Every structure is written in C-alpha cells, then in structure tokens.
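Consider the two complexes below, in which chain A is the common component and chain B and chain C are the respective partners.
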Partner chain A sequence: MKNLQDYNISYSLDENINLMKEIFKDDNTLKIKKLQNQFNPNMVCCIFFINGMVDENIISEYIIKPIITNRISSNLNQMDTFQDQIIMSCSSEKTKDISKLVDAVLMGNTALFLECENNCLIIKSQGWQTRNIEEPTVEKALRGPREGFNECLMVNLSMIRRKIKSNKLKFNFMTIGDITNTDICIAYIEGLAEEKILENLYSQLNAIKIDGILDVKYIQEYIDKEPFSIFETTGSTEKPDVVASKLLEGRIAVLVDGSPVVMTLPYIFIELFQSADDYSLNYYFSSINRILRIFGFLSTISIPPIYLALVTQHQEFIPTPLMMSIYASRISTPLPTILELTGLLIVFEELREAGARMPSFIGQALSIVGALVLGTAAVDARFVSAPIIIVVGMSGIAGLITPNLNGASNVIKIALIFLSSILGLYGYIIGMTFLLIHLFKLDSFGIPYMSNLTTFNMQSLKDTAVRFPAWYMRLRPRYMTNNHIRSNGGKNHE
Partner chain B sequence: MNKSFIFILIIFMILSLVTGCGSYKEIEQLSPVAGIAIDKSPIGYKLTVEIIDVDESNKEPKFVSLKLSTEGKSIFDCIRNMINLTAKKLYFGHTSVVIVSKDVAKDGIIPIIDFIFRDAEPRINMYMVVSDEYTANEILHLKSVSTDIRSFEIDTMIVSNDQLSKVPNTSVYQLANHIGTPGLYPVIPTVSMEVNEGLETIVLSGGAIFKQDTLEGFLGLDDIKCLRFIRNEIKGGLFIFDISNTTISLEIFKNKTKVRPKIVNNQLVMEIKIKTIVSIGETNGQIDTLHENSINRIKTIAETSLEDDILQFIKTIQTDYGLDIFGFGNIVKQRMPDLWKEIETNWDSIFKELDIDVDADIHIRGSGNLFKNITEKQ
Partner chain C sequence: MENKKISSSQYKSLMVIFIFGTSLIFVGNIHGEEDIWISILIAIAMSMPLALIYGKIAKLFPKMGLFDIFIKTYGKVLGKFFILAYSFHFFHLATMILRSMTEYIQVASLPDTSQYTTGILIIYTINAGLSAFSTWAKLILPIVILLIITTIILGFNQFDYSYLMPILYNGLKPVMVNSYLFITFPFAETIVFLVFSAYADDNNDFTKVYIHGILIGGFFLFINVFRNILLLGFPNVNNVLFRSDFATSIITISNFIQRIEIIVSSNLTLTSFAKATTYLYAASLGFIKLFNIKNIKDFSLSYVL
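Entry: the complex of A and B
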C-alpha cells in the first residue's frame, strides 16, 4: 500500500480523479462530481466530498451553482480566481499537500480540482446531524441553566463563548489520535490561568501517542498523575455554566470533539461535592445540601464496615436495646454477617447497574423485584437479617447523593469492610487513616488535592462545606491563580 | 503483574477466608447475660445467670428471660461450668446488675469485683446489689413488672431512683473506688421481695454498709436520703416534715452540700452546709403559702427538721457502726493533709466521737400552681 506522501497532484484532471479514486478505494461514500461551465465548455472542474459529512445545500448553492452559472474565462491562475471570485464560502484554502487534502475531505470539506492546475481548493462545507442541546441527565439542575454540551466541538465552544464574551477567552486547538484525528480544544482565560499549569498540560497532551481518542476520559487517564488512585484529579462536567465558572476561577478546560463531557483542571477534592445548583439556590439551602453530600459520602463508606465491626467484634459497643433487636433478628439466619453484608451490597450494586443500563420500560419490574423480593421476602424467609437490609439501604442511598464519587466510594467501602472483618474497628480506623493519607498525598497539576480543607481562613473556606453568599466570594481561589480580585464585594456589605 | 504482587494477592485472598479467627464472633453465637445472682453453696459459689432468649414461636420475636445456675469454687469456675449447660458462650458485655446474697457479702465481695474488673467483657458501670432477706437466686426469679428481663428492671429502678433519692446510686467502679479510698466506707443498694397486689415483686429496700469488702449492716430508705444529703448526691426527691399537725411535702429541685473540716477549740468539727432549692409540693390546706411571714416559718421549721434528721442519722451511724460512710475522713485528707497524716491510723475511733455542725439553708422557690389554699373562702 502506498503512503499518502507518495502521491502528487498532477496537472491533469483525469489523473487527479483517478488519484482520488485510488486513495478512497472501496470507500463508496466519496462522491465525485464533474462540472462544466455553461458559457465556457472548456472550463471543466471536479469536486470531491464525503457523503453524509457535508451540507448538500452549501455545495449545490454556493459551489456548484456559481461554477456553472457564472461567466468564467480560462486564464492563468485560474485557482485564485475561483477562490476569490467564484466560490461563495467563508473559508477556503489552496493546497498541494495530499495528506492535508485527504484530512480535509474526511472532515466534511469539499475538494475542488481544476484542469491544468496541480493544486486543489478546499472549501468548507461541513454539515451533519448533531444531537440537540439538551439537559444532561447526570447533572440535573433545579434552578440554574439547563443546557448541556453535545457531541459537536464547535457547538460546545459556542456555548462557552456565549457565556464569556471576552477576547481574553482563548480556544487552542490540537489534534490527537493517529487514526481518528480527533480535535481537542484547550480553553482558558488569559491572565487568569496559571502559565505553568498550561505549559504542563500542553507537554502532557503532546506526549500522548494513541490511535484514537473517543472520549475525554482517554485523555483524563493519560494525564492523571496518580494513575492507580481511585480519585480523579481532573474534573468532568457536561454543563457550560460549570465550565464557565471554572474558567473564571483560573482553571483550564479541555474539550474533545465527539464527547459531551468537558474536562476541567486543576481539580480538588471539594469539587466532588459541589453542584451547579449550589450557586443558583439560596446559600443556606445549598450549604445544607453540600454538608449532606459530605455526610453522605462518609456514611456510605462507613455504615457497612462499622456495622460489621460492631456486630461481629464489638458487641459491647452497641446500646443494649439495639443489641437485643439485632440479636433477635440474627437468630436462625444461615449466613455469617460478612457474607450477608457483601452479598446484599453486590445485589444493591447489581440493581443500580441494571437500573442504569436497562431499557426504561423494565423499570417497574426491577423495582418490584428489588424492593419486595430482595427486601421483605428475604427477611421473612430468614435468608438475611433485617438490620443488614437497613444498613445496605442506608449506605446505598447515601452513596447515590454523590454520583461523582460512586466508583471511589465502592472501592473504599469494600476495602473497609474487608479490614473491619479482620480487625474490627481497628481495621476501620486504619483504613480511614490510609484514605486520609492518600487524599493528602494527591495533587492535581501541583495543586494539593485537599486544598482549602486544612485552613481556618474564611476566604479559603468560602466554597467548601458551606457555600458563602456570592458577594462574599471577593477573591479567586488563592492556589489557582495569581489574579485574585474578582469583585469589590458589594459596597452594601463592606 | 509481577510475582510479588500475585503473592500478596494470594495472601489477602486466603486472609479473607480465615476471618473466623481473631475476635470475630457472630452476635447470635453469644448468650447475652442480663444479670447475675451469686449465692453461697457448699463447694463455694452458686451462680445464677439471667440470659436474654428469643421466643421465635410468633412472627414477631419476643424476648424472654431464661435462668440457669451452676456451682463452682470460684466465680469464674461457675461461669465456665455453664458451658456444660448451654451450647453458646455466655456474654457479659451487656450485663447490668449483679445480685449478691447477704451471706456472700458477709464473706467479702472482692472476688466478684475482681472478676468484673479483670475480665474483658463485663462493664464496670453495672450495679452490684445486696439481697437482704432472700437468696440472690430467689430475687432473680421474681416476676418482673415493666420488662421481660428482670435484671434490666433492677438497673432502671436504681437509675430512676434519683427522683426519690432513697437508694444509693453506686455502681461497681464507684464501689471499688470507695473500697480503696481511705476515710470512706461504701454503701450499695439492697433489694428485697414484696408482695404487691398479689404479685411477688422486687423492691429496693435501702443500702448495705460495707467495711472494706464485708457486709456490716443495712440502712433504711430514709437513712439513705440523709446519706445522700451529706454526700451531696441529692438530685431530686421529697422532704417531708410536720408543722403543728400539718404535714408538708417539699419537692427538692436542687441541692448543694458542702462539708468542711474545722478546728474549733483544738477539736476537729465537720461543718456540713446544705443549700436546697425546693417548692411546696403538697400541704393539707391548713397553712398559708402566700405571705412571706408564713413562708419564712415553714422555711425555719424545715431547716431545723432537716438538721435534726441529719444529726440524728450521723449519731446513729457513729454509735451503731462507727464506720465513716460519709467520707468525712476523705474530706479531711483533702482539706487538711497534715492533720490527716497524724490521725489516719485511728480515724475510726475519732469518727465515733466526731462533732458535727449542720447548717441547712432551704430556699422555698414557690408553691406550685396554687397560691391560695383550696379550702379558703373567697
């Protein structure tokens, strides 16, 4: 098979047509159309495009129609005339580079060849169906903006640009993926984003050698500094308002064509508990919600191991009436507590996974099976003890509060259950200690993962467990940017 | 994946299968003991335990009390002999009360306290009670009134007695502290049986005085109230006295007793200052509770009456037992350490002759929801 570099554009139109046919051999989506000017029959040209990638209206109205209907005289530098006077397109480019030509055609542009010209004109004619702008299903908003990114990079960029109308907002393109040639866009606000982080990001992105990027997650995993950590050191969101607010804090966003998820960095631990809604709702209410999320994370990882430790090793820690009722329900159940617990946790995770993947019309059947058969019936049949159902249920609900942390909390939960089944509460405490050490060891692009959580400075704590009112957030996060002042704080509140 | 990683993985996989080792024990494999009764037996002790059992005949599990008894040379021997009777291991983590019979108490309760402290399971904040007339076994077998578990009821009775202050609220760790404190002798609750409405039931009957760890005698319910006044342990209760044919009940809200040693005329005197906040809880309607003069009269008479009661009680203890259950010696030790070093050895004889100075200050806060008597004509 010949390399693209080995091909050359010739002066003969027919040869060029054969050339294109050879390059796109067995690819029937390539459309070849020969055109002839109606006033000048010697004026022959040919256009190539990929069916389905182009807007056919653009081609017929603004490329074919001018070529056929205009009076065109044959002269030298015919290509320049075409580019400047005939083709009605906002973007066109002359090239001799065959690989550039092929890339352009594959992206939905139209290539125009002329007789007696050894170059070609690439005319922008992209147009394909994209999904509408919808509300993202995982990040539902009660109050704030509801639009979410879709799979088209340019649409996504326009959504960000509409929110930040400033020439300081920079979009930098690059391409990753030897085969997929995926467009990547790095967005930041000049003067706010830290230069060092930006350089670091570029060098890491340039180092990626992969055949294809299909989702932003590929890049996230490539540039993760602690690749084996259960915590992500880059953020993901599907909402333009979230990206805009992060850019305004001096963060950097990376968009990948074909993925509705946008990566933001640097990313710190407390962002896992923040939601876009927090800033649209009353700050007392959103503070309560955020504390609930933190509490939910702690309870989802702690309730099962602590229950296991108490019931199997530290019975004296349980208040007597509770101990008696657990005792009564445990009698004549066949399985040891550890098996009951892990078994039901697995069942819960299966239900959750089934609920996420199955077609929605099976939903009712699933909830009946889940709630009735596995809950009440299992207890009545003395398969499992009733407190286990409560423990697994509490842990499950608490885990659903923080969907961002679902994966991490499941791993932590299993590890803690394992430790407390061997060492009891000691195991739990040892596990939590290791978790804390790990969290404090992590950093995201040089920013400590636990930033803002180890201080009593009110300006640093303003957006952690409690969301302070907007007028109080006078400064940008200190660790993120050198340009701190973001507002005058509102004169009424000084 | 290198070899050492696989090796560690295998170790952890094996570990997860051997979690039965260590202190892992399933809750249903235990027999939770609610209470213990200890009696004398020819070979040593006779130990009766009350086990919480579950009656599974209905769909709703019901807790029932199951009593078992064994004999042995020591307390621990009795407990281990219990394995012959039950398949499950006795579990003392939730034991709330130990009933000791009079005979065992007379021989000494140190072996029991020793077991409670030495063994990992029993909690040291359980109560030890002495049964005065009946054997401990009999007390444990009496029908319970409020719960199904006899022992938990005794525990609750002692705790809620703070509203009455007629029984000492001394748990096992306090008892052990009191035994080891110089100049203080312990008093622990006593239980007895009473036929009430045809039901043979348990009743708290006062306190038992111990000299170190041996039983010396019993105190009645009202004596304990005086004792709690002196020890500053009053948390509630009533103070009842007579004014010229009228019986008045004062409800105690708050009490603060300060005991200080004083040297008067080269003689050690204990000065007891009692400050009590009360309200009039009940009268027979013959006394005016509205005007200050009348209230002051009630106050003066109540103070004298309380002082007399306490002096009388201390006198009785001094003459009958000669044991410093009030902790006067301990207070002298804290306040006058030099003097204590001199008198420590013969404190018991000094206590018998000790002069007491009681000063009660009763503040009557109000007369409840009535300010006029019901009998008064408009």
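Entry: the complex of A and C
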C-alpha cells in the first residue's frame, strides 16, 4: 500500500478521480459526483464526500446548486473564484496536501476538484445523527439543570459555552489516536486554571501513543499518576453544569469526541461525595446529604469487617443479650462467618450487577426476588444466619449512596474483611490506617488528594463535608488557583 | 516526596501522637506509687528547657536535618559516627515499640498475632513519604484524643478519689526520680523530630512546635495516668502490666457498655504505629546519609525486615 505522502494532485480531473478511487479502494461509502455548469459545458468539476457523514441538504443546496446554475466563465485562478464567489459555505479551505484532504473527507467534509487545477477545495458539510440531549442516567439531579452531554464534541462544547459566556473560556483542540484520529478538547478558564497543571497536562497528553481513543477513560488511565491505585485521580461527569462549576473553580476539563463523559482535573477525594444538586438545594439539606454520603462510604466498608471481628474474635464487646441472639441464629448454619459474609457479599454484588444490566422493568422484579425471596428463604432454610443478611444489606445499601466509589469500596471491604478475620479489630485498624496513608499519599496533578480535609479553616472547609451557602464561599479553593476572590462575600447579607 | 513541605500544625499533631506512643499503655512501668501523676507534671515542666534547646537548634540550622547538623558541626568522621549511633538508637527503639505493641496485642487479646502486618504497613508508610504520614497524624489526632476523653467520661462515676490520698506519702525523692524517667521517655525522645526539620515549610517555629507538642501530649498523658490511678488504686496499679487496658476494662455502664478496653487498644495500635514509623523513618534517613543512598524507597524495605 502506498503512503498518502506519495500521492500528488494532478491537473487532470480524471486522474484526480482515479487517485481518490485508489485511496478509498473497497470503501463504498465514498460518493463521487461529476458536475457541469449549465451555461458553460467546459466547466467541469467533481465533488467527493462520504455518505452518511454529510448533510446532503447542504451539498445539494449550497454546493451543487450554485455550481450548476451560476454563470461561470472559465478563467485562471478558478479555484479562488469558486471559493469566494460560488460556494455558499461558511468554511472552505484550499489545499494541496493529500493527507489533509483525506482527513477532511473522512470527517464529513466535501472535497471539490476542478479541471486544470492541481489543488482542491475542502468545504464544510458535516452532518450526522447524534443522540438528543438527555438527562444522564447515572447522575440524576432532583433539582437544577437536567441536561447531559452527548457523544458529539461540538454539541458538548456549546453546552459549556452557553453556561460560561466569556472570552476567557478557552477551548484547545488536539488529536490523539493513530487510527481513530479522535478530536479531544481541553477546556479551561484563562487566569483561573493553574499554568503548571496545564503544562503538565499538555505534556502528558502529547506523550500518549495509542491507536485509538474511544472513551475518555483511555486518557484517564494514561495520565493517572498512580495507575495501580483503586482511587481515580481524575474526575468524570456527564453534566455540563458540573463541568462549568469545576471550570470556575480553576479546574481543567478534557472532552473527547464520541464520549458523553468529561474528565475534570485536578480531582480530590471529597469530590466523590459531591453531587450536582447539592448546589440547587437548601444548604442545610445538602450538607446533611453530603455527611450521609461520607457516613455511607464509611459504613459500607466498615460494617462487615467490624461485625466479623466482633463475632469471631471479640465476643466480649457485644452486650450479652445481643450476643445470645446472634449466636442463637448462628447455631445451625453450616459455614463459618467469614465464608457466610463473603458469600453473601458476592451474591449482593451479583444482584446489583444484574440489576444494572437488565432492562429496568425486569430489574425491579429481580431485586424483589433476590432481596426478599432469596434472603428469607436462605435464613429459613438455615443456610445463613439472619444477622449476616442485615449486615450485608446495610453495607450494600450504604454503598449505593456513593455510586462513584462503588468499585473502590468493594475492594476495600473485601480487604478489610480479610484483615479483620485474621487480626480482629486490630486488623481493621491496620487496614484503615493503610487506606488513610494511601489516600494521603495520592495526589492529582500536584494537588494532594485529601486537600481540605485536615484543616479547621472555615473558608477551606466550606465545600467539603458540609456545603456552606453560596454567598459564604467567598474564595475559590486555595490549592486550586491563585486567583482566589470569587464573590463579594455577600456584603448585602450582613 | 522530598519536596513536599510540612506545616507546623502537622508537626505538632505528629509530635503529640508520638508522645502518646506506647506510653499511653506502658506509662509508669516505673514503680510509681500513687504520686506518679505529680511526676508527670514535673516532667512536663522540666522538659520545657529541652524543648527550647531543640527549638533553638532547629532555628540555628534552618533547612537542615539533625544528621546534616552533625556533619556540619562535628566534621565528616565524627559526624558520621554520631549519625550511626543515633540511627541505631532509633532503630532499636522502633523495634522495641513494635515488639511491645505486638506483645500487648498477644497478651491482652489475640494470642496468635503476627508481627509482620504492622511491619508491612510501616514500609508502605515510609515509602508514602513524610508528608502523607504527618497529614494522616493530623487527621487521626482528634480521634485519638476523643477516644481518651470518652474513656474518662464513661469512667467518671467509678472514680475513687480516695486513691489519691495520701499525697507525697513516700517523700519527694521517688517522685523526682520518676519524673526524670518521664523526661527521658517520652519527652526527650522528641529529638527525633529534629531529623525531619529539613522538610519544614518556611513559617515553621520549632520552639513553638516543641512546646505545644509536649504540652498537649503531656496533658493527655497526665489525664490518662490520673484516670488509671483513680480507677485502679495504688497497689493494683503496680500489679497490672497493661494499666490503661485493665483500668478501662473495669468501666461498665448499666451492664450494656462494658469491656471498652478495645478503645485503648485501638489508640495504642494507632499511636505506637505512628511512633515506630517515626523512628524507622528517622533511622532510614540516617542510614541513607551514612551510605549515600539516593532513594529511601530502595532502602526501607530491607531495613524494616
């Protein structure tokens, strides 16, 4: 196969047609159409486009129609005349570079060749079907904006731009992927985003060598500094309002064409517990919700190991009457507690996974069968003891509060169960210490992952476990940007 | 790892936790009689000059750790000798702490605990760097203090103040001897923090850090001993090896909350882990300086083993 660089555009139209046919050999979506001006039959030209990638209306209305119906005389520099006077398109470009031409055609543009011209005109004619703007299914909001990103990069950018109408908002494009040629866009607000982080991001993005990028996750995994950590050091969201608020805090967003998920960075631990409608609800309620989420995370990883440690190693800490009832229900179960616990956790995770993959109407039936029928039957049949069901159920429900952390909390949970089955509560403490040290070790683009969690400074704490009212959040997060002042601090409230 | 600065509040919390260390449980393995709480108070007062000295040293040699200071003041050969001595000292203490911690766990609750789990945790922490470690200390300190206060509040109605009488029955001498022991362990041990002074951020006042650290740490140590005496009484205090543990195990509230010594055990696990890590970190830094090894990560593994 010949390299694209080896081809040259010639003066003869027929040769050019053959050239294109050769480049797009066996690709039947390439459409070739020869046109002739109705007043000047010597004026022949040819357009190429890829079927399905273009808006046929644009081509017939604004490219073909002017060429055929206008009075065009043959003269020199005909390509310029075409570009400036005939083609009715907002964006057209003359080129001799064949690889650029091929890229443009593949992206849904139309290429126009003229007889006796050794260059061609690329005319913008993209138009394909995209999904409508819908509410994202994973990040549901009770109140506040509902729209979510879709798979088209330009639509996504327009959604962000609609929220931040400022010339300081910058969109920088680049292409990654040797085969897929995926467009990605880096969005930030000039003056707020830290230069160093931006440079770091660019250098890391430029270092990526991959054949294809199909989702933003590919990039996230490439630039993750701690690739073996169970926590992600870059955030992902599907909501333009979330992205806009992160940009306003001085963060940087990376959008990938074809993916409705947008990556934001730097990303810190507490963002896992933030939700978009925190900012649309009353701040008391959203603070309570947020504390609930943190508590939920702690209890989902803690309840099973602590129960296990108490029952197997530290029976003396359980008040006697309670212990009697626990042991009464355990007395005829065949398995040791640890196997019971891990077995049921696996069953619970299977139910969750099945529920997520099922169509929603089956999912409900499934959860009823799984939770009620299986649970009661298992207890009645003396397969497992009732307290275990309670423990696993509580842990599972608490885990569902923070869907972002579900994967991580499962891993932690299993590790803690393992440790506390060997070492009792000491194992649990050692495991938790390990977890905390790990979290403190992590950083996202130079920002410590646990920023703002170990300080008692009110302005730093304002948006962590509790959400303070918007007028109180006078300053942007200090670690994120040098440009702190966010609002006038609500002088009119005092 | 090395370029991350540590704020003074992080130092403070680390120091308080360090002072708690194993002392929370083993305090007064010295035969203290009922006046041991006075010894602690005296020890706190007496270690203030020490704190001033340490603070002054840190101020005189800014951006230098203890080991750099040795080389600068004593020259290369003698300095290296001191480094070796101190590193071995720290290493020895660290192993002692690990030993006593696991022994405590083995004696007090779980007989078959292995010593390696904590060792692995320490390796990981040293590799994670001092910054992560001290931030962790800052987060964990309120929890530890809260747990101490909990035991006191829960035990409040079982305090027997007659255990304090008679004050100074045996005269002043044993009290002074004990307070001397308290100064060396744990207060004077805080010299290990001079090793880390190279990582301090700019507005760090070490004198303040030392004084605050020792005051807070000493205060809670004092409360702790006080509680033990009030709960157990004099002859018992000396008969039990793990006093805090035994004292809190007495606490019961209406037969529902009982045997809460796990609180003490968890405190111990956390704080002595912190202390052992601090020592080992210092010791590895010393050995690195000694043998000119570039990366602490290559070294810590073999070392902890």
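The working rule: the second predicted complex is superposed on the first by the 487 of 494 C-alpha atoms of A that agree within 3 Å, B and C clash if a C-alpha of one lies under 4 Å from a C-alpha of the other, contacts with A are read in each partner's own complex, and residues count from 1 in each chain.
One rule holds in what follows: a residue touches a chain if its C-beta (ideal position, glycine included) is under 8 Å from a C-beta of that chain, and two chains touch if they have at least 3 such contacts.
Model, not experiment: these values are computed from the prediction.
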Chain B versus chain C as contact partner of A:373, first or second or both or neither: neither
Chain B versus chain C as contact partner of A:313, first or second or both or neither: both
Partner chain in contact with A:433 - chain B first, chain C second, else both or neither: second
Which superposed partner A:397 touches (first chain B, second chain C, both, neither): neither
Touching partner for A:362 - first (chain B), second (chain C), both, neither: neither
Touching partner for A:339 - first (chain B), second (chain C), both, neither: neither
Chain B versus chain C as contact partner of A:331, first or second or both or neither: first
Which superposed partner A:423 touches (first chain B, second chain C, both, neither): both
Residues of chain A contacting chain B in one complex and chain C in the other: 313, 316, 320, 423-424
Partner chain C, residues of chain A touching it in the complex: 313-314, 316-317, 319-320, 419, 423-427, 429-430, 433-434, 436-438, 440-441, 448, 450, 453-454
Partner chain A, residues of chain C touching it in the complex: 105, 109-110, 113, 117-118, 121, 124-125, 128-129, 131-133, 135-136, 138-140, 255-260, 262, 265-266, 269-270, 273
Chain A residues within the chain B interface of the complex: 311-313, 315-316, 320, 323-324, 326-333, 336-338, 418, 421-424
Of all residues in chain B, those that touch chain A in their complex: 15-16, 19, 22-28, 30, 32, 52, 54, 56, 61, 63, 91, 93-94, 96, 121, 123, 152
